[in-house]
Amino acid sequence: MIIPYLIIMPLLAAFLITLISGKGDTWGVIFSILTEITLIILSVIGFILVLENPLVYNMSGWNIPYTITLVMDSFTGFMLVIVHVIALLALMYSVAYIRHLSKSWKYYALFMLLITGMDGVILTGDLFNLFVFMEIGLFAAYALVAYGNRPEEFEASFKYAVMGSISSTLILVGIGIVYSVTSTLNLAKISEVLATQPVHVVNWIGAIFLVGFGLKAAAMPFHAWLPDAHSSAPAPISSMLSGVLIKALGVYVLIRLIFNVFGFNAIFSRVFLGLGTLSIIAASLLAISQWDMKRLLAYSSVSQVGFILIALGIGTRMAIFGALFHLLNHAIFKGLLFLNAGTVEMCLGTRDLKKMGRLGKVLPITTGTSMIGTLAVSGLPPFNGFFSKLIIIIAAIEAGFFSTAGVAVVGSLLTLAYFMKFQRYGFFGDKVIEILDHKPGLGMQTAMVCLAVLCLVTSILVVPQVRELVMDPVINAVLNQAKYIELVLGR
Amino acid sequence: MILYLLCFILLLIGLYGVITKRDLIKIILSLAIMEYAANLFLVLFAYRKGGTYPILEEGREIAMMVDPLPQALVLTSIVIELGITAMLVALAVRLYQKYNTFDITKIRRLAG
Amino acid sequence: MSLRTKSKILVFFLALVCYLALTSFTDYQEIIAGIAAALIVTLLAGGLLLQTEGKKNLFKRSLKAVEYMFRFLWEMTKANLHVAYLVLHPNLPIKPGIVKIKSSLKNESAITVLANSITLTPGTLTIDYNEKTGELYIHWIDVKSVDEKKDTEIIGAKFENLLKEVFE
Amino acid sequence: MKEKHGMTLIVRTITRISVWLIFLYGFYIIFHGHLTPGGGFAGGVILALALLNYMLAYGREKTENWININLLHDMESASAILFLIVGILGIAISGSFLANWLSGGKLFALFSSGTIPILNIIIGIKVCAGLFFVVWTLSIFHIEEEAEE
């Protein structure tokens, strides 16, 4: 019974940190890192356990219609592992980075709340509970975006909070409509009841949730808050937000709702394809024109989420594999790139690409890891980004979506183009830089190296034997709606 | 039906306010209106004609009570909105400290 | 016994009685919970109620308080009729303004009761009180004079003398 | 700078006389959370309003003398931890998180429904402290801003 502890532990850590810490951040660092290590172990064990048979946990000893259910199938386990790996590395990075902003325990408490929110969203099997955990996570995210105490951070955080509240209100209305149609909030039961409803009801409910969670996932017409929020936040938070938050709160929930609850159909497929195509092309073009390092990365996040969306729109088995693989890869390389950008910002005191120069001599590790990250995100072999994009393109061609395949190819080329700019001006500029404001700490460098290694290691998932072992149960969990219902309702 | 329509109009009024107003405080108030409309909607569809409050007391029968679950949901969402509104107000105060204005068109350090 | 202790004991019993009045006097569970609640309230806010030492002649003062209540009701009725006359008169003969009156009361509770009595009487409204000079600022719907002494006579005097006997 | 030292004597006297009553009502709402409308959140809000009433009437310095701000801060986080501990005890005793491990008692009696009154009290403390600190912190902003000008 490890499921409730995945939510209890970070919550307990958050409040223990607020209780014990006086002024300094020593206890914050110790508690948050210990918790995060435990959570990684728990989630890996959980993932291995649920590969065979998924677990369902009923809160407070009641049975299904009266209780909140926590469901852990292999898809949940997959997401949990991603979240906690990125979170631990971001936390390692934070220790040195946040101390140069302010020495306070508040950062670690908020970070733990962010983890709680994401874990809750991923684990829960109850629609309203999902909303509550989403708000916990978002609340921490709003506060963390404004953590650096600069004017533009407050501005970005305000924008983010307003957009987030609008989408949360929409989701609340959607929950109300779902409850009035189905008289239940349990996802599996909703799925069961909606199967008997006319298809236009399902589509309208799906539309509301698509807008609501599309805003959280920052698909293109709903992306306005993302570049501000993700570029203004402190670097480890940027990497958390871009790497996992938009996926846990946006993409994961969309996959869970559309595939496991509402049932995937042609209309959802078309909407996903449309949103994905728009995101890839428009966000890539916007990214090319950016001169702010982190803004460029933020727009790149929008376009990479587009890749996941088109893969979901294709909806075949191979495409889902591509989507999930790209989700994992994007979490790793975008996390890495934001950490690199944060290191450069800390050491040079600027984010403007025009003011940077040749950094190879003073920041060798950052330069090297950013090179790896860039190659991975632009889709060059042997790095993981290449394989996931290739799988998506192959899946599109196989399913007969030739224009989508074309969009994906163009998108990859555009990605390469703006990351060439990122590298050329950010790390291999003309001006040779020899003096730094600050030195990057050991934890920061370790985190970056770990992520760079992961960029290479995760490529192993395309090997058929490994894929069968790890990814196939995840894909089955996504695609098999009937099994999800059966699992939760225990029939 | 007319009640649902009014509720929807309230939601739209809030949305209109968020989109068009330039003052930070007015934006926060519009958001609050929007959230209240959502809450009202939740309470509204749980209501039925002749229903009574859903609290068990000695000698009361359950038959005519309204559905208590949406009311519990509304309570939870009110708590969440309280937190978010407090957060927004704090951000607005800090923005005022930094920019000396509540006008959103003058708070533009982030381009595009 | 110090003033603070006295105040705490008073708050405890008042709180207990109030709590039991809200629930029931017979259920032993409610009595336990009531004692617990009253204890916490006493610990938190017990010392705040009494701030000045009580005077003697409690019985006489209570009688005066009852008399004050009737006086106040009578004044209120009169003022109500006056305001009704002003509202119903076709010319609306009002003359609003803010006047200053001087009060000779020193006791905090007395001043509070005076200010609230003036506010509750239709037509007049206490706006502010100056602690150093003992002056009350009052918004008056029908200002009869701008002279401070005369205003004090019209608005304050009818309550003040009795209040002095009740509290001092 | 008048706000720093609170409001006029009239408001202060009324607050002084009525603050215990507000507290009592808050506790009443919390204790009866499982029987009547209200409960931990509503009662906690009332308790916080009693504190804020005092703060608005008397100003920040006097409030700091009256209640221990650090203790309140610790109580806020401690109450959250207590909530989780009650929940974890549910795992230990009854096998699932937040399970009701105390006996239910007689219906409609005050001491009934197991852990729910305990949780209500914990939530009440948490909400009281939390809401108080929201306004308290916002008023700190206010003073800093005046100092800057």
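Here the chain labels run A, B, C and D in written order, and each chain numbers its own residues starting at 1.
One rule holds in what follows: a residue touches a chain if its C-beta (ideal position, glycine included) is under 8 Å from a C-beta of that chain, and two chains touch if they have at least 3 such contacts.
Predicted model, so just to flag it, every value in this text is computed and none were measured.
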Exercise. In terms of Cα-based centroids, which chain occupies the most central position?
Worked result: B
Problem set entry | Between chain D and chain C, distance of the C-alpha-averaged centres to the nearest whole Å | 29
For this session: Quick one: report the Å distance separating chain B from chain D, using the average Cα coordinate of each chain.
Result: 23
For this session: Please work out the Cα centroid separation of chain A and chain D, and write it as a whole number of Å.
Result: 36
Seminar exercise, completed: Flagged in chain C as touching 2+ other chains are none
Problem set entry | Residue numbers of chain B (touch at least two other chains) | 94
Exercise. Touch graph across the chains, line, ring, star, complete or other?
Worked result: other
For this session: Let me know each pair of chains that touch one another.
Result: A-B, A-D, B-D, C-D
Seminar exercise, completed: Counting only contacts in the complex, chain D reaches chain A at residues 73-74, 76-78, 80-81, 84, 87-88, 90-91, 94-100
For this session: Would you mind writing out the residues of chain B in touch with chain A in their complex?
Result: 11, 15, 18, 24, 27, 31, 34-35, 37-39, 41-42, 45, 69-70, 73, 76-77, 80, 83-84, 87-88, 91-92, 94-95, 98-99, 107-110, 112
For this session: Provide the residue numbers of chain A that touch chain D in the complex, in ascending order.
Result: 1, 4, 8, 11-12, 15-16, 18-19, 57-61
For this session: Sort out for me which residues of chain C touch chain D in the complex.
Result: 11, 14-15, 18-19, 22-23, 27, 29-30, 33, 37-38, 40-42, 44-46, 48-49, 51, 108-109, 111-112, 115-116, 126, 128-129, 131
Exercise. If you look only at chain D, which of its residues touch chain C in the complex?
Worked result: 8-10, 12-14, 16-17, 19-21, 23-25, 27-28, 31-32, 50, 67, 109-111
